[in-house]
Structures are given as C-alpha cells and as structure tokens.
Amino acid sequence: MLYVVRRLASTIPILIGISLLAFLLSVISPGDPAVEALSMSGISEPTEQEIEIKREELGLHESLPVQYGRWLVKAVQGDLGVSYMTKESVSGEIMRRLPVTLSISLLSVLFAVGLGVPFGMLMALKKNSWLDEAGRFLALTLVSIPGFWLAISLITLFSEKLGWLPTSGYGTWQHLVMPAMVLACGTCAILMRLTRAALMEALNQNYILTARAKGLREPSILSFHALRNSLIPLITVIGTYFGSILGGSVIVEVIFALPGIGMFAMDAIFRRDYPVIQGYVVFTGVVYVMFNLLVDLSYAWINPQVKLGVKLK
Amino acid sequence: MSKAFQSGWLRQRKHEAVKHVSFSIGKGETLGLIGESGCGKSTLSRLMVKLLPFDQGKLFFEDTDITKYTMKQLFPLRTKMQIIFQHPDSALHPRQTILQSLVEPLLLHQITDRKQAIERVMDLLAPVGLNEEILSRYPHQVSGGQIQRVVIARALTLSPRFIVLDEPTSMLDVSVQAQVIDVLKTIQKQFDLTYLFISHDLDLVAHVSDRIAVMCKGEIVELDQSKKVLNEPVHPYSQKLVNAFRGYQTNR
Amino acid sequence: MKWMEKEAVVMEPLLSIEQLTVTFHTPKGKVKAVDGASLTLHQGQIVGLIGETGSGKSVLGLSIPGLLPGTAEVSGAIRFKGQDLLILQKDCLRKLRGTEIAFVPQNPATSLNPVMRIGRQITEAIKAPFSRKQKRAIAARLLEELNMPKPSDTLQQYPFQLSGGMKQRVLAAIGAAGKPSLLIADEPTKGLDALVRDQVVGLIRRVATHTGAAILVITHDLYVARSLCDAIGVMYAGEVVESGSTEQLFAQPKHPYTSGLMRSMPGKGMIPIPGVSPSLMEEHRGCKFQSRCSQRLGECEWKAPDLYALQDQDHKVRCFLHDSSRGREQGVPERLVATAEA
Amino acid sequence: MIRLRLFLHSLGPIGVISIVILIVLLGSSLLAPWLAPYDPNQIRMSERLAPISGEHWLGTDTLGRDVFSRLLYGGRVSIMLALAVTVATMLIGLIIGTLAGYFGGWLDDVTQAGIHIFQGLPGLSFMIAIAGTLGPGVESMFIALVVTSWADFSRVVRGEVMKIREESYIEGIRAIGGNHMYTLIRYVIPNMIGPIIVLFTVRIGRVILSIASLSFLGLGLQPPTPDWGVMVNDARPFFRSYFHLILAPGLCIALISFAINCIGDALRDALDTKTEKAGWLS
Amino acid sequence: APEPVASQKANELASNTTEVNPEEVVLAAPRDLAPGTQDAYYTSIILYVWEPLLTAGEDGEPAPKLAKSWQMSDDGREWTFTLQENVLFHDGEKLNADAVIANFKRYEQVSPKSSPFYTLDSKKSYPGLKEIVKVDEHTFTLKFENPQPTLLYAMVNFSSPIYSPKNFDEKGDFNRLPQGTGPFKLMAHEKDQYALLEAFDGYYGEKAKSKKIRVRVIPDPDTRLSALKSGEIMGVMDLGAIPPSLAKELLKDDRFEISTAKSTISHYLHPNGKKAPFNSPAMRKAVSMMIDREQLVQELYLGYPTATANLLNVTSPFYKDFAIEHNVDEAKKLAAEALGGKREKIDLIVPTYGLNRYPYKAQAEWLQAVLSELNLEVEIRILDGAAFKDAQAKGEYHLALATQGLPNADPYTIFTNYLASDGSSNKSYSLGYKSERVDALLGQAKNTLAMEERRKLYDELQAISVEELPTIPLFNDASLIGNNKKISGYQATIYGTTLPQLEWAK
C-alpha cells in the first residue's frame, strides 16, 4: 500500500509537467478564447467591447504565470474549473463522457485480447505452418489499414448494406461493436505478434523442458507454464493501449458519433477552451500514470520476485 | 620488489561484497583466489583493475597510489593491467570480427598503426594456440574454448604486466581447460607476467598458483603458500572447503 | 551394492541404446549431434556419460524420453524395458515421462518455472491419483529425504528464493516424484563450487538408494563421474567411444581420447589433447579422433572403427587398437607422426 | 552474408511481394513526373467525376483532376515526410535514450520524467494542438509528429542501452581503456542497430498512417497537394458511387504500410541473434 | 441451453435498431440542439420548444409569434406589444405580461450569455431600454432612452425567447428542462447524444403532428448519410445537415428527398484590404469579375444556392438584386494593371468548420486555379476556427473564404459591421475599408424613422458595396435538408425545418 502511495506521489511532478506543457501550448496557439466563447463560427462574431468584457470575466488579462498558478492551486484542490464554452464544470463534463469512452475502450481491449492472444498462441504452436503465415498476413494487414478507412467501410457494409448494426450513437452494445473493432485492429495485430514471440521464447526455456519431462500434456504446459511467463510484455502493451484509448480517440468518436472524451477534447482545442484542455490533459495524465501503476502491480502479481520485494518494502 | 599491489579496507555496496581486504601480489607471481560462489571474488577482481569505484581503502600499482585516478589518468595504465572475465562468451563485441577485436586495443592506445597491429596480433596467435582462419569470424561463430583464447590474446596485445583471470576456464571441459592453462603458463614465463587467478577448482588453483588466498563472505580469511593452504589449512572455512574438495575427489 | 551389480548382469538391461543417430536440420545445414551411439543401462545402476562440450551428451539424454525439438531427426533404437521408445506413440511416450523415465535438465537456475511455487512444480509430477493434500505431503517427504531444511516451507516458496544447491534438490525431487525406474540427470554439478557439488553428488546417491532407480548422469566433471557412477560411457563427437565400469575405465582407459582426457585433469598433470574436435556438420571418413590421436594407424583415416568388446564383456572401445579380431598385441604396425600439434 | 540470407529466408513469400510493392510504390512516386499522364493539379470542371476510362484510368475527382496522376504523386510528400520524421525521431531518441541509459543517474531521472510527460500527453490531440499552433503545413506536421513520438523511441533506446550496458564486453572495452565516447559510438550504438532498424520501419508505417489521420481532420497536408490520405478524405462524399476514388488511395496507404511493416518484421527475425541459437541445448 | 435464448434476444435488439418505431420519429443534426441549463436558450429555436415574441416571416420581415400586435410611439421611444391569449407554458403557467416582464428581467441578468446559437445580449437587442411597463394582463410597453425605429428587426427569434417564469432561478439560470410555449416539449436530453421531444397537448396553435421526435447528434456528415440510408434516422436538420455533394448522393436513391429554402448565410471571399494587392479596389474588382459564380454554385453546390454580387443576404427584406459581372478579359486587364504585370504570391485561408459543412476545400482549389490566370499564385492554408480568426484579425492573409449569418433582418447592423470605418467586422477581418460617404449614410440611417427613407439609404449602401467591394460576395447559401419519404411535411425553412408538420407518410 505504501508502495502504491509513494508511486502515486512520484507522479505528481509528471502531472504538473504535463499540465504546464498543455498550458503553454494552449496559450501560444493563435486565437482568443474570449472570441471563441462568444462567436459562432461563420455565423456571428462579437464586437471588441464584448470581447473585452469576456476576457475580463475569464481572467485572461492576468499574466500567464498568474493564470497558470491560479489554475494549479484550484486543480490541486480537485477543482478543474469551468468550461469557457459550456459553462459546466470540467470534471463533470469529463465524468459524463467517461462511461462512453470506457465502454468502447473495454470492448476494444476485449476484442484485441480475445482475438490477438489466442491467435498468437496458435501461431506460436503451429509455427512456420500455413496457419502461422496466414496469421502473419492478417496481423500485417490489420496494422496497415488506416482506421478511418476501416470505419467508413464497416459502416457501409454492416449498417447501410446489411443493416445489422447501427451506424452511430451510444446506447446498446451494438453501438459499440464497430468503433471497438476499428480501435482494436492495430492492437490486435500487435498482440498477435507479441504473443507469438513471447510464447515462442517461453517455450524455448529450460523450465518448459522440465514440464515436458514430467509428462504434462501440451495444453497445460502452454497455459500453466508458458503463458504466464510471457504475460509481461503483453500486459505492458495492453496497459498502455487501454490507457491511450481512455484518453479518447478523436476519429472514431467523430465518425461513430460517440460523445466521448476525445471529441470533447478536440472541440476544446479548436475553441481554445483552456480549462477543458487543461482538465483533459490532466485526466489523460492521471490515466497514463494509473495504468503504468497497474501494469507495475500486475508485474508483481505475475513475477513473485517483485511481489515479495514489494511486501518487504 | 619493484612492483607491488596493495589495497586495504575495500568496501562495496551495502551488503559489503568485499570487506576490509588487504593483500599484495609480487611481480611475476600468481596469486590464487578461492572461495564459495558469491563470496565477492569477481567484485574484488573488478575493484583491483578499477572497473568499480570503491568506498574505502587504497590501491597501489607499481608503488603508485591509483585510488583516486580519473578515467583519463587511468588510460595509460590500462595497457599495463588487464582482466579476463568470468563469462567469455559475451566478452567480445558481437558485431566485430575476431581480428577487429584483437587489434582494437593497439589502435585505441595508438601504439601502432593498423598494419603493424595486425602483424603483432598474428605473432600472438601461436602462443595462445589460435589459428589464423578464425580471425575473420564473428564471436558467435567460434567455440567457447576459442573465445576464451581470443580473450586472452586480446589482453596480451598491450603487453600488460598484470592480469586478473576470473575463472578463465569455467566454461571449458578438462581437455580444453588443460590447453588454456598451458597457454597461460607459457606466456607468463615468456613475458614475466603477474596473475591473480580465480577458480573453484582447488586442484587447478594449486596447479597454477604460488600463493592462495581464501575468501569467505567478502573477507580474505587465509593467505599463504599454495601447498600450505591446500595441505594444512588453518582457518575453519578453508578446512571445510579443502575437505569437501578432497572428499569427493578421492573416493565415494 | 555389489549384489545388485551382479544381478544386473544376469538380467535383461533396463535401457539399451543401439546405433542412435540424431541429426538436426538447421538453416545452415545438417548437424549430426549423435552419430551411431550405443549404450546399455541395467536396473539400479548409476551410469555416467562424460565427454567434452558439444559431444552430444545432452542430446543423447534428451532423446531417451523423446524431448528433442522438432528439428531433430532420430534413428536407431532406444529399448526401454523391451519397448522401442522411438516407435512408440507420442501419447504413450508422454505417459512414460515422469513415471517411468524422469529427466532432470542441466542448469537448475533456469529449469524451474520462475513464477510457480515449488510445491506445485513438484506435485505436478506426481501421477498417482492422490488428493492435493496427499500430494503435498509426498512432496514434502521427498524434499525431506533429500536433506532439504524446512521442506514444507519450501513448498510455498518461489525458485528465486532458493540457492543453487536447493534448486538442484527441488529438481531432483521432481525427478523422483513419479517413482521412475530411470532417472536422467544432465550436468547436475555444472558451475557449482566444491561444497555444493559435494552435496549434489550425495543427493543423487540418495535418490538411487531411496527409489532404486537406474540413473544416467551426464557430466564433464571426471571427479563426479568417478565418485558417483558404477559404469561410464565416454562420448566424443557424437559417438560413444568407450564404455565400461568406472574402476576399469579410470584405471585403464583404453581409447586414446579417454586417456587424453584423464591426463588433462589438473591432478594428473594437465597435459592437454592437442587440436580441436571436428565439426559435426561435415561428413567424416574414418575415425573422428584421428586428427588429434597420437596413436593413429593408417586405416584410421579411411575406415571408421567399430565398438569392440574387450575380454571383460562390459568394457567396449571404439578403436582399432583394441580390435581383438586383428590380434591384440601385434596391432600397431604403421604408427604415424602426430600432426595435430601443428 | 549470413544475415542477408537469413533476411531473405525470413521474408517468405509475403515478404517478397512486399518488397515488390515497396519498389513499385516508391518507384512510381519518384518517377511520377514522367509517368503521370496529366498534371495532377489540372482542374477541368467539364470533366468532373468522370468514370474509369482509357483516358482516365482511375477517372477524375470532384474538380476533374486525373486521379491516376494524383495517385502517382500521392505518396511523395507522405513518404518523404514520414521518412524525415522517423529519421529525426530516431536521432533524437538515439541521443537522449543512449545518454540516459548509459550514464544513468540524474540525467536518466530527468529524461525519464520528460519521457513520461510526453508519453502521458494524449497523442493525436497533442498533434492537433501543435499543428494548430504552428499553422498548417509540412513543417508543422513534421514538428508535431516528432514531438509526439520522440519519447517512445527514447524509451526503447534507453531500455536497449541499459541491457547492453550490462554486457561484459562493455566492461571489457573499459578495461582496455575505451572512454565513454568511444564505448558509446563503437560498442553501444552498433549493438542496438537491430532493434533500431525494426523500430524505424514500424515507425515509418505508423507515421504514414498518422499523416493520413491528420489529413482526415483537415490539419494535414494543404491542398492542392496530391496525397493519399487527403484523397481518401476528399473522396468520402462520393465513394458510394465512385468506389475507386476511395479504394485506390486507401489501398496505397495500406499497401505501403503493410510492405514496410513486413520488411521490418523480417529484419527483426534476421537481426535477432537469438534465432540463430539452437534452443534449449545451447 | 441458455445460448439460443440469448442470441434470440440479441437478434431482437439488433433488429430494433434499424426497424422503425412508429411512436417516434428519429432525426439527426450535426450538433447538440439542446445544450442544457447552462445555455442561454437551453434548446435551439428549431426544436420548437420555446417561442419568441416575434419571428421572421417568409418575406424576412418581422412577424407575430407570441406578440400578436404592436405599436410604436411617434417619437420611436415607446413600443407597446399585445400578447397572444390562451397561451400555456409546458408547465401549465399562463403567458401574460408578467411572464414577459420576468423574462426581460432574466435577459438583463444574464446578458451577455453565450450560446452556440446566438449570444443573448439585451444591451444589443434593446439598447437604452429604461423600463418595461405592464399595461394589462396581455399588454406591456418597452420604454427607451432613444428612438428605436428598427426594434422589431432586433427582437426577432433569439432576442426574445419566452419561458415560464418558474423556469429559472433568482440568478436567471434554468432550474429544469425548458418550459416554453412551443408545440414540442423537451422530455429528455443526453448531452451530445440526443434530445427527445414530445408534442405538447396544450399548444394554442396547430398542434404538432408527431407524438415523439428524437433528434440525435451525428457530427460526421457521411455518417449522417449512412444513418439515413440504413433507415436509422428519417431526416436530418440544422446547418450543414447535408452537404451538397452528399445531397446528390442521397438523391440517387429514390427513397429520399431533399428540401431547400433560402438561408440567412452568405458566402464571401474576404480580401485583406490593408495590404497589397487587395488594398487596390481594382484588384478586388478583378477577382470578383474573374470568378464564375454560376459555375461555382452549379458545380460544387449543385445549384442550390444563388450567386450574388451583393453583400446583403437575400433573406433581408431590404435586399436588392445586382447584376453579376463575370468578365475574364476585363478582369485580366485590371489585374495586370494593378499588379504591374508581375506574378504575386498570395495566401488563401480556409476555416476548418467549412470543410464538413461545405465543399470548401474543392472551392479553394478551384479558386486557386481560377486566380492563377490573374497571375495570382495562391497558397491555401486550412486553419482551425480560432487560428483563422486570429489570422484575419492580425491581417496575416490575403484572401479568406468565409460565411456570415445575417445578424439581424435590419441590414443596419451588417452594414455597420462591414462598411463603417470602425465597423467590427471591418476591423476584425482586416478589410481595411474606409469611405466617408458610407459613414455619412450610416449616420443618417441611424436616426431615420421612416422605412421608405431607410430603404433608400440601404439601396445606396448596397450599390456602393457592389462597386467598391469591401468584401467579395460569392453566393447566398441555401438551407438543405434531406429526409426519407416515409415521413412527410418536413420542409426546410430559412432557419430550421417545419418540424411540427412532420408526420409519417400515409
């Protein structure tokens, strides 16, 4: 427990670094949040006076360090501020979108792992067979397809032509199938290759020989001895991948009309909604840090050496 | 004695891999070092050639205190002292040919130009029992015994005065081991070298060393003439070690 | 122990390997790791297999329980209790592993699954239909018999918590768990210091007395072989060049390679055998040792020697010098100058 | 030589096809000015959305431009940019990762923090922000892509270096007198060339896809540059009736990424010394 | 075995998603039309949840909505409005003068309040409003400091939304779902997902024909089209509901139809009049004459919009038609003179929001080709909205593709913004336009009460704008919506659709 707390504490400078970078990036981008908050692109524009008042209201007159400092002080207290655009609290907005993003992330991880790992295992077992070659081809194809291209094709096929799945929106599990597939395909391929490589390496280890010498059956050697030992690279990839899609995937969200975190963030970036950008970046930072932590903890679970080491501390 | 090593109160890391060790090796002498696995033999050997910084103590080489020498100051000394590591299989640059690895020390120290360096390497091959044909090969293409000999040859290119040999035959079986020891003894005579010889095999150590030091948990517990240590060990740990060895060697 | 040996002579051998050849197909070509090796092992016997690095000892050992990788092509015969293991069905062979034939791999540091508790690793090898609890009790008793301090605690531990010697004991326990009638131990003493090595040798002896199993010990430590084994086989470049009882072999090594090996021991003068062992990838004509042999005969160059039995039927040598058909004492006509030193 | 043979061996039939694809795509991109039947930017309002014909092999787009000609030109910028980005990332990652991994200490701590910060930043969003800040164009895409990917590269390099640092040949060269500079350049870097080449090819593939994604959001290459990603995006409104408009450039992106990844894969197998070992017994 | 049951259920669910629920009509819009309590209006006016006092008629003139009639005092400082009777809010409250006064109080409290639809700013819509006096139950009077001859134009739609007085708290914020007077009640909404409307039984006018309408948010135009084609949605609405290129695609399938109406949005090519070459009116003229607006409208917009040379949008009642001059030779001559025969490199900036709604990229590329003949070497830069505005404000551009919504049916505002020397658009777009005559005309218009006179002033202003081209008008946009023929009564209006008339086709 202490270890976890210490790990978390050590990530605070990283979070501050991330937020500072995001802040700098926001303020040096051309454009004025006050103007953005007041205008509707291409329809109406505010007058100078209105802009002045708005700037005052948003506190944009203060010097940059003061603005950042003020934000930081509040953020430390758990207050991420209020969106310039929607006037709602940033944390509330993120939390509202979290279930959407979380559910597609989960499903896509499920897809990626559910397909990638067994396929990779099969490839490792039947290495150099036609099956291995086919798997390799599949994996290479999956990493090479541009996501948006796949999304368009899927919608056309499954929604327009076949009518099996809804094109877009959020609600039932059917809504999540296609976005999750698009998100999963690259990672599925990586997992396939990785599982194959890791398993093949594990199968070459001496303890597998020991296990065979005991007369164990192949399947139980594979699952009890080899797989567990090859989990670490897999978990690392799954962890970082899950973490990164929890930060939202703009393109998939736009195409499939999913009101997730990525689209929200992109809107904020386009409209210079500093509090939202900051809040979002801190959120993704926390997710990143958390997943790194989880990955580390799972190493401990897999690798008893780390586990017992942790207990000692 | 023109050349002497002295080191005292060395310390390594928290769990003290090496504790308060003092000894010296005379010129042309072979000092054997024995002791159980993990007692700090390799650490000591690294300390002696200043590959590890140490916490306490002093190190003299040819009567000069080199304890505080920087990397730059050490550079000329590197030609005079050499170390041969325990695991020779990864001791060579895997992407360099054997020849490249062999001429490298000479070129690095700008002792000769490439052509002369190659000549010098050629001269060294015969003493260590190597064949010219392996020069163009890569380390993974030659056997463990050959690598071991290449590593020895490489250490010799710079004509050192002192060589640390950390289990130089641990990877070899007896017949090859005998070959390597043969080489080492020949060149010692030839170049008047000083050795620190580390091994688990007491017979072997006895065979090559003038004196033997017994190490236990980071400390040197006994240091005396080879015969004495092997025949009438004083320290209980030395006795245990020697008895164990004798025990299984003679009868079942 | 003497009576056991006598009985063994009478009985049909437990294991007999005949003309075993193992070829690996690699991208770079064929590697003939074992080339027509023959060996017999009797009930309750401890047999040592010695020879230099890369001579095919491990491959031979692995081929018995059928643990060679798929790239290996095996021919010849391995008769175990009258059954030829090479033509046995995969699944039947698997069932034999652990229960009839146990294999303890070399290198204890990597031969235990690092993420699995010791207890599980041992109980896995117990095939009898016991409950988990009973199995654990058996495992604990096994460790106890092998002089493991606190055996029941050890069952809860992971390999990294054990020292090298302790791991070796665990591996031995795994080997003994299935009450096999044949145990193959590959390099059980490699890289250990004298104290631990001593323990391991004792350990193997104990396994032999406790289970009554025959043991094949693969090693290149001649001291170990001598102190532990009843009989010894010497391998060179994939062939068994000499085999016989330990006393005979150490007292009167017949094959030039064996005697060279003996002379290389630090205690015996450390006189090396000149030259290097031949590549396993090339085809050979004649005796494989001829290029390093100081007693080479003319025919050695073009004719491969057979394994010739000496008067003592147990002692066999693959060398023309001991071909009884050509007359034992007269047979050194054209001794050539040893060229291997060049 | 063995490496080359091994490389060809591990390519397999798919790999050979990949090399052919790569040569064809790169070659046609390079030779586009000579191969293209039309000026890729020539607008002909009278021939808008012409179907596939002998005159226009792949028809024309919404402004009557010859799609085949645009396709030939379409890889130039993306591939060059991807190459430039990957080379730059590799250099940065190599320098930072090597120094951090080799020297460790505070340098490593600082680098690690930097790596975490940049990895913790959300990739595409960050890229959008940078592209927005610097204005559109090849230069800002270059910067955005480099800034968002150097950290990954550095981390991998750092890990490799830390592994190599433990090898005894590093201690060996130090015992002979090699200083840090010498050790780094002659020993450390050459020994991670394998993983670096692999990472390099994987990265190029990914950068090409990233460029296409940015173009999808309108922040990529500026019109009228013919570019595959842009072409896919431009074709979206028409693809139901003119499927080839989206298929052709999409296929080009997929194929080049496929080919590069496949070659990287084969390189990995060829450069991995482990594959040469025999298995358990060695 | 449980498996078949589960898959059967899944099948049901799956078929539900595409099968039509007769109770509910599903439509889609590119953005969230019900942003919620923090919004100035809660919902867009096009959902018909709330109604304004005044709306815009077909002719663009102010028309009665909740206010059925009005009267301006002679000095133009007092306006008296009479409300519709028997109007109920969704929460059952009655519409009366008190309710309106409460709403006006709210305007004051919250102004200016931003919204993606229109900023609510009472100081702008009701400048110098002194007080509101209740005359009787259904009559009230607005009293101003200065004459307000064009008040009605300013009050239209988003400037006079009326909600139940119980619908907001003491700070003027909404306390629950909006309680307007419209034909639809907002039943539920999920941010960025959907808004669910239900016909309001107590509506005073003609009641909505559909019981329930769900308006989903689908930002990507192509996905909207797919959703239409798959039958998931019956129609699309709001700005950019269906881009012209997709309209063509949709019409290829005879299950669908398109409805268009004029739109208040005009498309321009803004020149940066502060620097060369477009500080020269001749150069602006050359560009204007060079551009074949008809071709643009026909080829890239499929002929739905109307080409124009006028700054003022066609929906304004003051709009005057001017002939479009397209003369390539003349244009080249003018340009050659202005540029001195040299080739000039210029920047054309394009806002990202234009890419999804309009074929702006193709338009930019087309312009590039066209202007190249004038010896202008055009470099296109696509900028996100904020960066686009920034570039305009700083004058870091030469030409910009841009749209403008008619802010107010009275053209005074747009003329001031664009043509006055200190006009806000003039400045923030760096148009650099300055004309004493225009400033004088605007000053005059400000105090002119008589409509006929105003019209004359506006005519002259339009003529000047066509001649001097402070900005180069391209065309008046069209509202374009599409729907499945399974529904009927779904027509585009100037701003929005005929949502209350929507019903399942017989």
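Points to keep in mind about this one:
Labels A, B, C, D and E are assigned to the chains in the order they are written; within every chain, residues are numbered from 1.
Here is the rule we go by: a contact is a pair of C-beta atoms (placed from the backbone, for glycine too) under 8 Å apart; a residue touches a chain by one contact, two chains touch by 3 or more.
Fair warning: this is a prediction, and the values are worked out from it, not measured in the lab.
Number of steps on the shortest path from subunit A to subunit C, with steps defined by chain touch: 1. Here D-E and A-D are compared, and the pair linked by more C-beta contacts is A-D. The distance from the centre of subunit B to the centre of subunit E, with each centre set as the mean of the Cα atoms, comes to 87 Å. Here the CA centre of subunit A is 53 Å from the CA centre of subunit B. Averaging Cα coordinates per chain places subunit C and subunit E 90 Å apart. Computed centre separation for the pair subunit B/subunit D is 48 angstrom, with centres defined by C-alpha atoms. Taken residue by residue, subunit E touches two or more other chains at 222, 352, 384, 386-387, whereas all remaining positions touch fewer.
Touching two or more other chains at once are residues 132, 135, 217, 236, 240, 279-280 of subunit D. Shown for subunit A are the residues that touch two or more other chains, namely 29-30, 152, 156, 205-206, 209, 269-270.
On the subunit A side of its complex with subunit C, the touching residues are 205-207, 209-217, 224-225, 228-229, 302-305, 308. Interface residues of subunit A, counted against subunit E in their complex, comprise 29-33, 35-48, 50, 53-54, 85-88, 96-97, 152, 155-156, 159-160, 163-172, 174-175, 254-257, 259, 263-264, 269-272. Only residues 41, 43, 45, 48, 62-63, 132, 135-137, 217-219, 222-224, 234, 236-238, 240-241 of subunit D touch subunit E when the two sit together in their complex. On subunit C, the positions that touch subunit A within their shared complex are 62, 65, 67, 94-99, 102-107, 110-116, 121, 124-125, 127, 158, 160-161, 171, 174-175, 177-178.
The part of subunit A that touches subunit D in the complex is made up of residues 11, 13-15, 17-18, 21-22, 25-26, 28-30, 133, 136-137, 140-141, 143-149, 152, 156, 193, 201, 204-206, 208-209, 244, 247-251, 262, 265-266, 269-270, 277, 280-281, 284-285, 288-289, 292.
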